[in-house]
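Below you will find the structure I want to go over with you.
Chain naming follows the written order as A, B, C and D, and within any one chain the residues start at number 1.
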């Protein structure tokens, strides 16, 4: 019943601000809860909406000092950088196309950035952002939140330590059903920007959820992608971006074995699937299987032995999971806890950076490079699909 | 993807203190996370341990003002009551036998109480506490946290609205395995007090987890217990309190139907069970089934129709669940979110009370009366078992 | 992909007859399929119905020689005993109250008996039948068919070999929903006799399914029951026999440990449950869990290790299961295969007896003694319930 | 508790013979059980092995008349055709490359053929066989046994009746793990021929299990394949045939909607998967999901409504399933029952043909055309993979 995790710290919370996330948004509230869970962050500033009325009302609702509720991110970056009690980090939770300009402004103002995925709406922006991070010397944390789940951390350790042997096959999928009908025409703000190429970029399901599945496969397997072959569809008439993606994957060889092969399926039109992210990895010595909707379980199937169900915090669950675990086995942790683990890792990194120190080795979070790769994945899918599924390098 | 819940409030957090919950404790940290998730509470004072060194260190770790880290709850109640910025509420998270004296002190100081379960270590104390609450006019919230799960709220609505017809059978169970061996002899603080009659009261598994199962059956079914027949065991040699409880239940009739019947099983010696709380209720028109480890699912089995799996926030999940839901369906919520819902309900009640107003009708939380009934349940189990399982009124 | 089982035998099928099981019956057809699966039996005679028309039509449908379609079991026993090609065994699949007279007739005619459960409708009949078996020297096989499932055989071996340590807790249940409404009034032949004390005996759900759950608990655990406390209900107005049974169990001590405790729940009024037979056994070193609807899986939970899912024929599934397995792991076997295993064991015993030999040690099937105990269980439940749940010896 | 199925027939069993299936074989015994379950077939002849010793011993074990145990299929076809009591049908259960010559011999002898899949080892043979069937006027039944499962029959009806709307996405998979290591070198007869191109044909996992997944997707969806893109691997060093296949699918449009898209994964090197055949189909109005290892369940997910679990024989399970169902809901049916349904359908067709009549409309079984298509699928996979996954017409 004891976890390995230090969930609270007496050093005082980290001051942070938020760009986007005003009333009617979804992911902004998730970031705020994730930031609050461990008491490591305090929200003190915001440019919560491009709509001034909504920005003001949202700030009031969150109890922000009206002075620190800004009309634009540019204004916010400039003003906060000057304050002695200015924010140390900013969370960017806007539609994709605004990630790059907003991130740029805060990085240049010397403020750490926590940013939602996908990194940007174009690969060109993504590369510029990576350069800007490099130049700034600030931290950049990409909220590929599924990497925060304890059982995913454990799975990654299992692969890294050779428990599964050489990896041969990776099956990743992320089906949803919420875009089965044309809800973007019915006033859903969430659906509207996600199906709009100007705000989302070239990928629909590929960008919104395919990047999560891809990132998770990479995170757990540690393998690099060589190339992919994609067949994208927009099943709903009039939809501009893909709502279903079938992708074949070829990973680069590692050591003597030939490279692993994989499949990735992302769909927003598969009725009955809410957020069906699932990862299966098979090697010469065993396999693993994990499902986001039931994240506290990890199937481990050593070849020639009975299947084992490893539970978060239970027997067989190791230190990598324990570091990011809050409650005993049998008490489920969920999406918000997994998301909060990204914030907890960010907090450790920010505190280390505060003191000019090195980020501890065991702090793990997705970076701007993961973000660049995610956008490259989306664009490669689109390119491959336009060439009738030709094999395409990232 | 939009939930019915208002998770944040601009009115400023509620100041609260904590009794117990210092280093080495388990449930204190859970309370603190639960209080933080929605940003409705701020921890500002504590009497975190009966050991002065540990109290001090724990307070520092939590960033408390050293002035407000107290040596005893009595001192804390007195001092905080005098401060203009004193706590509005206290969370009591000590071993059971301290609940009554601590709660008394704060109620008398005019401070709302949030208290862990079981209510007290004796029924006599429980009744005194109920009287003290009545006299004080303050709020008393008992953290039977499982009543906070959205699918449990929905299940309760289903029963109340007659969806299951007249209730006939209730099967409740809460098996664990952590006391399969005599860990109380190996330095586990958690195990030590839970198996010690002086700190826990007359019940072992009955008090620690049986009360949860009992409370949940009552909460969802709305039925009152008439009597029970119990067979308690202490399977581990030398253990003073029960570690396994088999209980038959007879509920009072409601309307024309004869009273429902039930079974309750609590165990701490059932290998493979982590926190296996499970509730099944069957009526003339249908049944439901819910498992704590997978709390986002509710099986609903209307008689003569296919089984339906209702998911939190998904189709078929109603407003009672939506009120206490934070993220979209398919993204799991867990133990901490369920626990946080008790705090969120407490916050709504406290804010209403602040303004001298009435607590809104839809605010639902376990009260001191539920606590009295829980302790009565434990003592009835012990009495029945001593009389060879004779049917015993609560 | 190789199983340990010898499914076919060149020695020629065993000639058998059937009493009951004509048109409109359920379990008779199941017995016939079970007898056919391995090609070990050939149906050559029958007294298929007490209704002469139905008996004749049923015999024709099954392709029986009209000469060997009898009007009564008495006539059949007499005639078959005289024939050089007479039946070697009879399957008795009538309502319960006819088991004893029919079995008596065939035993006295020197014919082996395979009989459906419960053994008889009264304990007095059961004891007489046991004496008749003893006197006859013939084989008597009781079709407690769930004992034929491979994973149940494996579970039994695990307990016997001490894998679970000393047994502490046994949870058995068999919920159904088909009698939720008063279907016995709607022309259902199955429901009519099962709810009629004259045909079924003193027990309703206790006799029809409670005996299965009880027998399975006994079979797997190897423990003997000391006493029980039962609370029986007839929830459906006007129903004469119990349709829900809540039973506490106390097993006799074995070795040094105190006796195991258990619960048994049988219900015919639990909507959503089709044939929800489930068995859980917990010992000092581990637990097991098995569900009839998914019979190819056995959960094994060694204390302090990850849960293991043993699959029929897969890794971790031992020789006791392999003996009664027909297809490779991952290809499900079901109810009929489990039932057929009872017939396969009967065939081995009958062939051994043919040659005057000893029944091989590894042949395992429920006997008349198990049947006596089952009826004793039913009557003890009824007695206990009438005495307000008093602890009652079998 | 009553099923729609007529399981027994008084008209006397159909005489059949078997080619292959002697000692050491796997699928032959499965066919024999399947043929026996309903009492519709009687095995009276065989050419059970190409090895004369083994053929003889196998025939003796099965109780065949020694005169009707033949050394070759050619001899058997000739001799049986002459006998007045000759076989009416033959079951061909040899390795793939022998299907065509054996089938030819029996068709030419005027004997119906029941044949294991894949149809042949080459597409050229498959086409010749289809022509031979056409010419012969005899029945040809291909044992794509998974089409016999009741819930698959029901799923097919759901799609056909438009319950799912227009089909958009089909996800089929059949992972196994038994060839994770090079067992073909260790004396496994099963592994040896399945990995030998001379006996199996061009496909390894594609032929052995990919054809099953493909056939099932076709059977349930009713859609025709337009083209595929395949990436095949032989992960185990030195293996000559594919042991993992990743295939993208494009179906032909049906009506106004664009054609459905799909994925198919077949693998013999995925540890933890025994026979993990799974089919998911999504349309504009709902989805379905079915898993072979748990075949009595069918998930049906109407868009915007709670998920429903349809159980074989339970509420929501329709007449197409009832026709091929033997036992009540909650009592599992398995692989052998599904396989037996193919034989039961064959029996109905053979009896109809006997009397020169028309095969009833509701008799459904895989035909030689399905077999041709399966071999075409295998060869298209191989061609596509050799062209680096180019889209390839069947």
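Note that a contact is a pair of C-beta atoms (placed from the backbone, for glycine too) under 8 Å apart; a residue touches a chain by one contact, two chains touch by 3 or more.
Heads up on the chains, UniProt names are A, B, C, D = Gfo/Idh/MocA family oxidoreductase.
Just so you know, these numbers come straight off a predicted model, no measurement behind them.
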{"item": "Reference subunit D; chain at largest CA-centroid distance", "value": "B"}
{"item": "Between B-D and A-D, the pair with more C-beta contacts", "value": "A-D"}
{"item": "Mean-CA-position distance for subunit D and subunit A (Å)", "value": "43"}
{"item": "Where subunit B and subunit D are represented by their mean Cα positions, the distance between them in whole Å", "value": "55"}
{"item": "Residues of subunit A engaged with two or more neighbouring chains", "value": "273, 307, 311, 314"}
{"item": "Subunit C residues touching subunit B - in the complex, by the definition given at the top", "value": "168-169, 171, 177, 180-181, 229, 231, 233, 235, 244, 246, 248, 250, 258, 261-263, 265, 267, 269-273, 280, 282-287, 289, 299, 301-303, 307, 388-389, 391"}
{"item": "Sites on subunit B touched by subunit D in the complex", "value": "300, 304-311, 314-316"}
{"item": "In the complex with subunit B, residue positions of subunit A that touch it", "value": "1-2, 7-12, 26, 29-30, 32-33, 36-39, 60-63, 176, 178, 188, 190, 273-276, 292-296, 311, 314, 326-337"}
